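Heads up, the next two complexes both have subunit A, just with different partners, subunit B and then subunit C.
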Partner chain A sequence: MALPAGTKLASAVCTAQGIVIRPPEADGEITCGGVAMAVAGEAAVAAEALAEPQDGQALPGKRYVDQTTGLEVLCTKAGKGAFAYDGRPLTLKEAKPLPASD
Partner chain B sequence: MALLDGIKVVEVAIYAFVPSAGAALADWGADVVKIEHPETGDPMRGLASYGISPGDGGVTALWEVFNRGKRSVGININSPEGLKLLMSLIDEADVFITNFMQPARQRLGIDVEQVLARNPRIIYGRGTGQGPVGPDANKGGFDGLSYWGRAGVSTAAMPPDYDYPVMLPGPAFGDVQSGMNLAGGIAAALYNREKTGKGCIVDVSLLGSGLWAMQATIAGAYARRSDNIVQHDRYRPANPLANIYRCADGRFFLLGMLEADRYWPGLCAAIDQPELVNDERFANMKVRQANSEACVATLDAIFAKMPLAEVFERLNSQEGQWSMVELPGDTVNDEQSLTNGYLQMVKFDNGADLPFVPAPAQFDGEMPVLSRAPDHGEHTDDILGALGHSMDDLIALKIAGVIA
Partner chain C sequence: MHTHLLLEMAADADPDRVLVGSRPHGMTLVGLLNAARRGAAFLDARAGATVTYAGLNGPCFAVAVFASSIAGRPFTPLNYRLPDADLRRLLARSAPATAICDAEMISRLDGVEGVELISVEDFARICEGEGEAPALPDADQDVAVVLFTSGTTSEPKAAILRHGNLTSYVLSTIEFLGADPEDATLVSVPPYHIAGISAVLTSIYSGRRMVQLPAFTPEDWVDAVVAERITHAMVVPTMLGRILDVLDARGITLPTLRALSYGGGRMPVAVIERAMDLMPAVDFVNAYGLTETSSTISVLDPESHRAARASADPAVRRRLSSVGLPLPVVELEIRDEAGEQVASGTVGEVWVRGDQISGEYAGKKAIRDDGWFPTNDAGWLDAEGYLFVEGRLDDVIVRGGENISPSEVEDVLRLHTAVQDVAVLGVPDQEWGERIVAAVVAPGGVAEEELRSLVRAKLRSTRVPEQIFFYESLPYNETGKLLRRHLRSEITAGLDQRVGDVLAI
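And then the complex of A and B:
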């Protein structure tokens, strides 16, 4: 599924929401807590709510990236689930300093 | 004793020079907020230098040492909204420090008049390569160039038998001296502000700091009508008791007995060579200079048989000054340095650790407890939230790429 920049995402298993800042280079499925997220206001697939927070749970204001495809998701609302893309957990974004050497 | 407790510093700076000034101010208790680009951050996070690479030992050492104890906020100050946020931080700040070059500062709207107009009580600390005026004012600089090369350090440090002048001995060697000069200037400017209520501009350059370090050499070369000092020749020194020696283990040590006649008999006794005291070639400073090569060869032969532990024991039993010549990696085990707090091991969450050197001025015998440097944009939400921005505002700024 295409995920252009600006696409709004909502978790099916918790309160987490996000927005696509950078689209992925390859199509795939964005999930939260292992379940496909509702994309661009579509109805979410019914799923059981998460009881416990997962490792890497979505925190508001944090940016999450998929190193493989370049997908970047900004979390806009906290939730217990963690984001993943095509099964790869998204990781917290780090600085990309310009290479320098002396 | 955090003398600068309550002082707010905004740092718009990259690499090592001005960030090291920020680190010193943070060591003294100031709240230092570092502005980083939301995407790339300070290039120091990615700098490889002298065989040290980001991530070595589980940490990015070169980033950590110059940014310990600060908070990081990711703002793109090259956008109108970003500049507005920066100016809100400047409104509350006591000190603004930068090493952005003047044309860039002017273009960004953070030059002296723009910042002082916004906050007349602020201290504006500028770090430059070559100073704020003159033909090279707007030419960039690094310490290897402006501090080390242009100030004459490189050629003065060149051993007599070397083909080229010596390069900077380690990363940021001149930057940290210059940064400390800037931190000192800022401390004086803060005192001035308490008296007058007004901020001021503090200028420190790499070139000026290099010249400061070289002042005895420069004045001395001028006085002897030469383009350089006379470099020490360890095989023929003027004073063999102010020279470098090697012991049986291959380790080096220095004798620094400037008043050599006072210490010569004690040294000879300590190394079990009583007959040397009155040896007519070596009995006083004048003949030791005349017979320098022989004196050094004699001492070399004696020390070459002594393991390090023996050198320690024997030289510590006499009064003349001496010191081990340590490798940088060995300094972290020096009990004297550790006891005085000159080195501090800082632990990281991932189990890594790193020695930090606190700003060396101690107040009331206390040393600050240092902590790690911030992650990129780690405090963006806290700091901008404290300015009154809601999470929704911040999310909108993040989507727009204004903040990290």
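And then the complex of A and C:
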């Protein structure tokens, strides 16, 4: 499925939400907690909610990347699940915030 | 991604946060989004391919930035302080355009071919109410902003910033909604300055409430900080000196202020030291950047300010006049005229590379195919990688084959207590190619020879100004840039006149 920049994503298994800020170079499936995410406001698949937070759980304001395809997702709402793309866990992109300069 | 997505994200995550203006009646994130969407629908229905903005800073400016982005129209803020003829010429260069302008500007701008005018008030009215989510344009390479450079000698260049340049700067340097709900930033740079654009984008994304000063006066600035409980602000160096004078005169400090950043010109060390001593709790940040680099590329952070101020080591102390370290997302090199990287301590041209660097003008790319951009600024790195910017490359004085940076001599002259302001310039010289002259503001008076011996004692004899001219004040533009070329041609013309007088006798 195409994921242009600006596509909104919502987890089917937790409260996590995100937005695509860099599109992937190859089509694939974006998941949270191992279940396909609802893309661009489509209905989420029915799935059981996660009981416990996963490793790499979605944290608001953090950016997550797939090194293979360049996909970059900004988490806009926190959740217990972790993002993955075609089964590859997305990794946290560390950004060193700048002291306020403008 | 397009810049409006920054607003979409923030408005989605925290819709009711007041972002523009005073609490509690200021514009919220979702209010700003709605206004921008309605503004975009209006702009979309006009013939104008670009959107220009000529007016004071205000909420409408922030709306117009995002409305243009949603409508997929390049946004071009114009310097409303320019003489009518110049302003109309820039407007004509932007045509076909929809021009949003302050009501009193309409008579000045009316009748330019291909330009439809709308007042800020009318635009604000159109933007009231609920907006609909439109189908959004999105391409990194779309032109987001066009800014005309100040162009002190020639026709202004139109610097082009693409959406990808601006959003990569924001995403890689700002923490999403990382601001405290109580934070407020005071914006006093004008809308047509790159810092005015980046202030809007970074405030939205960090969720920091933005208070806009329509036009800068030091009194208004201080009043606004007090009244709005301002925590953050950005100023240009000339503003800071005047602000400190007001604080001294009123005998107050600014207890709510936590962070003060400055940039856009060289900060005299005496001024920043005075500011640090008056407000020791404030975090000072020196930010260096150009229009063509989407704002900041190098930062002297608060810890480095304090370390430099407290240090007995001259190399560390000196960093107070540096612009700090390059951002982690920007590569920076100092290169000589042949394009070779030079050793630390050697002056050369500052080159940068990174996603935020546009290095592009209408009809001309200054950025190289490998992504490196020559800034035309002269600078050097110290042993720890701190960047010292010495001014524009064109301003470097070449005397008898030796490169002399004006700022080096200026810094020494400023040490003299009688000197309030100074500019060091090169003027044509038959024997040396160029010779050094100084323009000095010293209301109390000072002997020329005293200044010369000071330079001779601190620097080499080749650095000593051969002539010193005394001025009541030096010419600056409204964003605090010294008009060196103006000053140089005035001095050169005066010298020619004198030579003419001598010959006539």
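Here are some notes:
Convention: the second predicted complex is superposed on the first by the 93 of 102 C-alpha atoms of A that agree within 3 Å, B and C clash if a C-alpha of one lies under 4 Å from a C-alpha of the other, contacts with A are read in each partner's own complex, and residues count from 1 in each chain.
Here is the rule we go by: a contact is a pair of C-beta atoms (placed from the backbone, for glycine too) under 8 Å apart; a residue touches a chain by one contact, two chains touch by 3 or more.
Quantities reported herein were computed from a predicted structural model and do not represent experimental measurements.
In the superposition on chain A, A:P97 makes contact with both subunit B and subunit C. When both complexes are overlaid on chain A, the residue A:P4 reaches subunit C alone and has no touch with subunit B.
Comparing subunit B with subunit C, more residues of subunit A are touched by C. By the document's definition of touching, of the two partners only subunit C reaches A:R22; subunit B does not.
When both complexes are overlaid on chain A, the residue A:P60 reaches subunit B and subunit C alike. In the superposition on chain A, no contact is made by A:G70 with either subunit B or subunit C. Annotation: subunit A residues 6, 19, 21, 60-61, 63, 74, 76, 95-102 touch subunit B in one complex and subunit C in the other. Every residue of subunit A that touches subunit C in the complex is listed here, in rising order: 4-6, 8, 17, 19, 21-22, 60-63, 74, 76-77, 95-102.
Touching subunit B in their complex are the following residues of subunit A: 6, 19, 21, 60-61, 63, 74, 76, 94-102.
Within the complex, the subunit B residues that touch subunit A are 36, 39-50, 54, 142, 144, 171, 375-377, 380-381, 391, 394-395, 398-399, 401, 404. Every residue of subunit C that touches subunit A in the complex is listed here, in rising order: 1-2, 5, 8-9, 12-13, 136, 138, 140, 167, 171-178, 185, 195, 198-199, 202, 206, 208, 232, 234, 259, 261, 263, 283, 285, 287, 295-296, 299, 301-302, 327-328.
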